[in-house]
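Working notes for the structure below.
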Amino acid sequence: MDENIETAPELQVSEWINTEHAITLKSLRGRVVVLHAFQMLCPGCVQHGIPQATKIHNAFDRKDLVALGLHTVFEHHAVMGAEALRVFMHEYRIPFPVGVDAALAGSDVPLTMQTYGLRGTPSLIVIDRNGYVRLNHFGQVDDLRIGAVLGQLVAEQVRTPASR
Amino acid sequence: MDENIETAPELQVSEWINTEHAITLKSLRGRVVVLHAFQMLCPGCVQHGIPQATKIHNAFDRKDLVALGLHTVFEHHAVMGAEALRVFMHEYRIPFPVGVDAALAGSDVPLTMQTYGLRGTPSLIVIDRNGYVRLNHFGQVDDLRIGAVLGQLVAEQVRTPASR
Amino acid sequence: MDENIETAPELQVSEWINTEHAITLKSLRGRVVVLHAFQMLCPGCVQHGIPQATKIHNAFDRKDLVALGLHTVFEHHAVMGAEALRVFMHEYRIPFPVGVDAALAGSDVPLTMQTYGLRGTPSLIVIDRNGYVRLNHFGQVDDLRIGAVLGQLVAEQVRTPASR
Amino acid sequence: MDENIETAPELQVSEWINTEHAITLKSLRGRVVVLHAFQMLCPGCVQHGIPQATKIHNAFDRKDLVALGLHTVFEHHAVMGAEALRVFMHEYRIPFPVGVDAALAGSDVPLTMQTYGLRGTPSLIVIDRNGYVRLNHFGQVDDLRIGAVLGQLVAEQVRTPASR
């Protein structure tokens, strides 16, 4: 693996939904993490990204891979707040935890979205067992291709500190 | 035609979007009217009802048939107000006028929804050239079948008062 | 209606499948006839045309509209004969009668296909209650639009000889 | 890996299409092999299995994974011979090699189909880099799930004889 690959920056989340405890990437080290960045009123997210994230959530053992949503609102903030998001998640039966990307004072673009350099929604970020960002994709990805990528990452070993 | 068929009650709308002037059924007498009742956070509406209403809007001459949306919010009112609806309509590129069903004090169910006895969303109401309700359907309808119904209604004559 | 519209030429069929008696357009005068011209190994026919023709067959009263298939083989004749077609129709559960377009000695293109000037498969021909060709379309047609066309034709009156 | 997993029996093929040389599983040892067993007039194969096998063919590096078709005709033999199959493959633009499962005198079920105990079509057989059968599935499989399985198998090492 290319040693220049970026270690995934920690998520900046103001509120978590569908989980009892706040989630950190650090606590998930050792597992593959799939981060689906979306906005609840984005048609491409609703039609493609969220159904795919749900399939990913259902296809893997939680010990190997964890799917998370990240609500990266960068427009129309007034109507996509946490209360609206909770209704949306209930109506669409979203089964995985979703974090609300933290606002940055003076900017429309929230913090995690900026840190990861996301270009819009839907975006898919894949982090390997060792905490490296292996995919950061804007737009749609085919189910079979993302399945293949995730299967390969799940098969990778966790590297021990000594092996680096 | 069965003379007992109900004349369509007038719409009770608090606000119209995508149209310069308020719309009344009375002003559309002589044309077929297709009323798509929906909620912006209802998955069946987003996945099936709204795309079908858009196809109907595009398939017919406006002189023969007019497609209208009716935002019949009966739950989660706080997050499906007119401002949120305007964003939703912009993001989903909805091309036809949509009326906000008027609230009824003390009830979660808005006025037009009650008058028409709608059971939920999506619902499809079809009104003929003479102002009679010819279809009031809860749930999905196949594109080919609704096309056939509308084609037949478009082919019907407007009845003159004397002929009644 | 434009008086120059062409009267539908009679079908030239060497064999009928899914019907006890040979079918003529003349015997169907008074009803709308939908003719789906296809080849059993044509992907567009299998994926779009045949499912649509089946929906049409199921959506209308047989007294108003009859759906027919026409197997217009113009290539690979050796592997799309009547025996292969019967297996295909069985496997795909085709519910409407299908006629085998009659071969023309010395030509790859069968007789009815030539008479109607079809450009390929799938093609959709629609004949009204009075026997006039109202649509002759090569390629796909949207379900809602063809439903609307057929609904309008079903609503038309049969003209008596005197009214012509 | 379970040492009781079956080594994949060699394919019994009477004719190969879309390849210059006959293909053996033995020659593909070291790569993952996906075998899509189908019949050209089986609707489930045409609508689901063949598009999925094509996606698999396109998603992986041929050095890691090879997709093959196997035409396992067990009914209607007269109309699904090699000549008809060649036309079918041409019309459906099938990009991977397809082998015709060898007939067994006195049986409707061909040889490889019997050896692998296939229950019908479509069936999906997945063989790992070491030649073991890891999946033998009758019916449809979701794109994301099969992608995940294949990704994991591609990530596995070839075992050297000494390591067994």
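We call the chains A, B, C and D, going by the order they appear; numbering starts again at 1 in every chain.
As a convention for this text, a residue touches a chain if its C-beta (ideal position, glycine included) is under 8 Å from a C-beta of that chain, and two chains touch if they have at least 3 such contacts.
Computed from a prediction, not measured in an experiment: that's the story for all the values here.
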Comparison of A-D and C-D by number of C-beta pairs in contact, larger one: A-D
Where chain B and chain D are represented by their mean Cα positions, the distance between them in whole Å: 51
Distance from chain D to chain C - Cα centre to Cα centre, in angstrom: 38
Multi-chain contact residues (two or more partners), chain D: none
Touch-based graph of the chains, sorted into line, ring, star, complete or other: ring
Residues on chain A engaged by chain B in the complex (per definition of touch): 41-43, 46-47, 76, 78-81, 83-84, 87-88, 91-92
Chain C contact footprint on chain B (complex, rising order): 52, 55-56, 59-60, 142-156
